[in-house]
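In what follows, a structure is listed as structure tokens, so that the remarks can point back to it.
For clarity, chains are labelled A, B and C in written order, and residue numbers in each chain start from 1.
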């Protein structure tokens, strides 16, 4: 069981690291910048969760397998970037898998640290989306996870299943599987059919969004 | 007393959440992105303070009323964005109130954790401005709190009153009220009269600021 | 010995604070914004390290000398910005010195907290480059430390020497000196000769990097 979870977790780490490294290559970072971005994309979500709940030293610096995995993903991407671009669809599937696994595992860890179920679900979502946010903030762009088809909300849905199951005293493993399945399914369906959440109506729809307007 | 502080704190949280959600709507994020930005703007300052002083799990994930407040603010903004835009001035007053309350409460909490008064004041300022910084960094723009009329320094002034009162063994409540009043007053006056702090003279004033210049 | 380390550490802090303040002046922040950026550039790396390993409250808010140093650097830069620009080369030398000292001291602190040597080296690197990342993210640009001539990797090289020495049970002081010397030397040589790490080949080399492409 432990081995299965670890394997899945490392697959998720690998997928997120690929996403960070791919962006780094596109932005013409050197190989070391690519490795740093790859690492940040893969572990920032879990690091933030661990810091917020006080689980220090954080897991990503205690277990060598996580950094090693991001290192491999970064090097692979650096040397075979055109290939990775061409297999974009499998990478996005891995990414959805990583999102599902991180959301579920993040929620479980927060529950284990005594966080109340609703906030544990929020932390699970953060575990899933934090890496993508760090990756995009480092590249000075608005995080895709706040804009793409159902992404953060898919993570939250999966996390909520785990938190709800905990609250109802259901066994952990089936809840984790159901949560991961829901998140993965939602994300894949959203990619296929272009599902989006609604955007607010605005009074000044004819104006472009002002980059440095007086938003407070 | 406790109830008063909590009420004021939640008003501040609501005001900051409004500011985050308003920006999210302007940047055409979907409803979930708006909620995430609203949450980040409201709690990032307090979260950062708690993490730096080691008060984990951080308050914003232990007490459900804070996330619930940001949720309400985000939904209200999403559905009535044009209205919120029109009542911009009251929102800015709420924001100033939130700044004052967060700066004072943040300083007090740091002092309670044994931080020396000058650094407690700095942490109080950070509590006040951290949410606005997180909001703007997520939207890939230079934080307004580093540019607007007296903002960060108003927070620091209010925080300094609390820290100074603590150092002089004065009673906490009057100091908190004086600090909050000073911060709120400074900020409102600065908005009314357009007060700004000075900007440095530059040798190359005829050149525009270079976005990617060789600053080291 | 202690005094020497402290002196060198404060020189590093001063150099990084200068770099933050210089960028703030160029971006026409007001004096307070300049001070905040100066502080962030000088202490963000060490703060992040301390938070990740659980060494809270973090050092930068426990010892008044660090914020005081950044304050002095910020004020000096604000009033003599044209002068600081003109002595750009010495500032870059100080910056390289700060990088070396922070990388070595950060690694040592992580080792003292029981972090395994490879991750301690990574944390040492993070201590060195974290300030520059925070500075650039706050100014909404891609961090220079991910793009410049050998920078992050020079920090990692210096940190690795310390971690390796620890693993081999060598005495700490000579390892620290060797690590700092290696990092400083690499960085200075890279500045002189324009050394760069390689950039990945891309399939779509004729296209410009797409700022909001579908990177996942």
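Heads up, the rule we're going with is that a residue touches a chain if its C-beta (ideal position, glycine included) is under 8 Å from a C-beta of that chain, and two chains touch if they have at least 3 such contacts.
Keep in mind it's a predicted model, so treat the numbers as computed, not measured.
Relative orientation of chain A with respect to chain C corresponds to a rotation of 120°, obtained by superposing CA atoms and rounded to a multiple of 5. Both chain A and chain B derive from one sequence, and where they touch, under half of the residue numbers involved are common to the two copies. Each chain gets a centre from the mean of its Cα atoms; for chain A and chain B, those two points are 27 Å apart.
Within chain B, contacts with two or more other chains are made by residues 51, 54, 137, 140-142.
Chain C meets chain A in the complex at residues 51-54, 113-116, 118-119, 122-123, 133, 137, 140-143, 146-147, 152-153, 156, 196-204, 209-216. On the chain A side of its complex with chain C, the touching residues are 19, 22-34, 36-37, 47, 51, 54, 56-58, 61-62, 64, 67, 77-79, 81-82, 85-86, 88, 91-92, 95, 137-142, 144.
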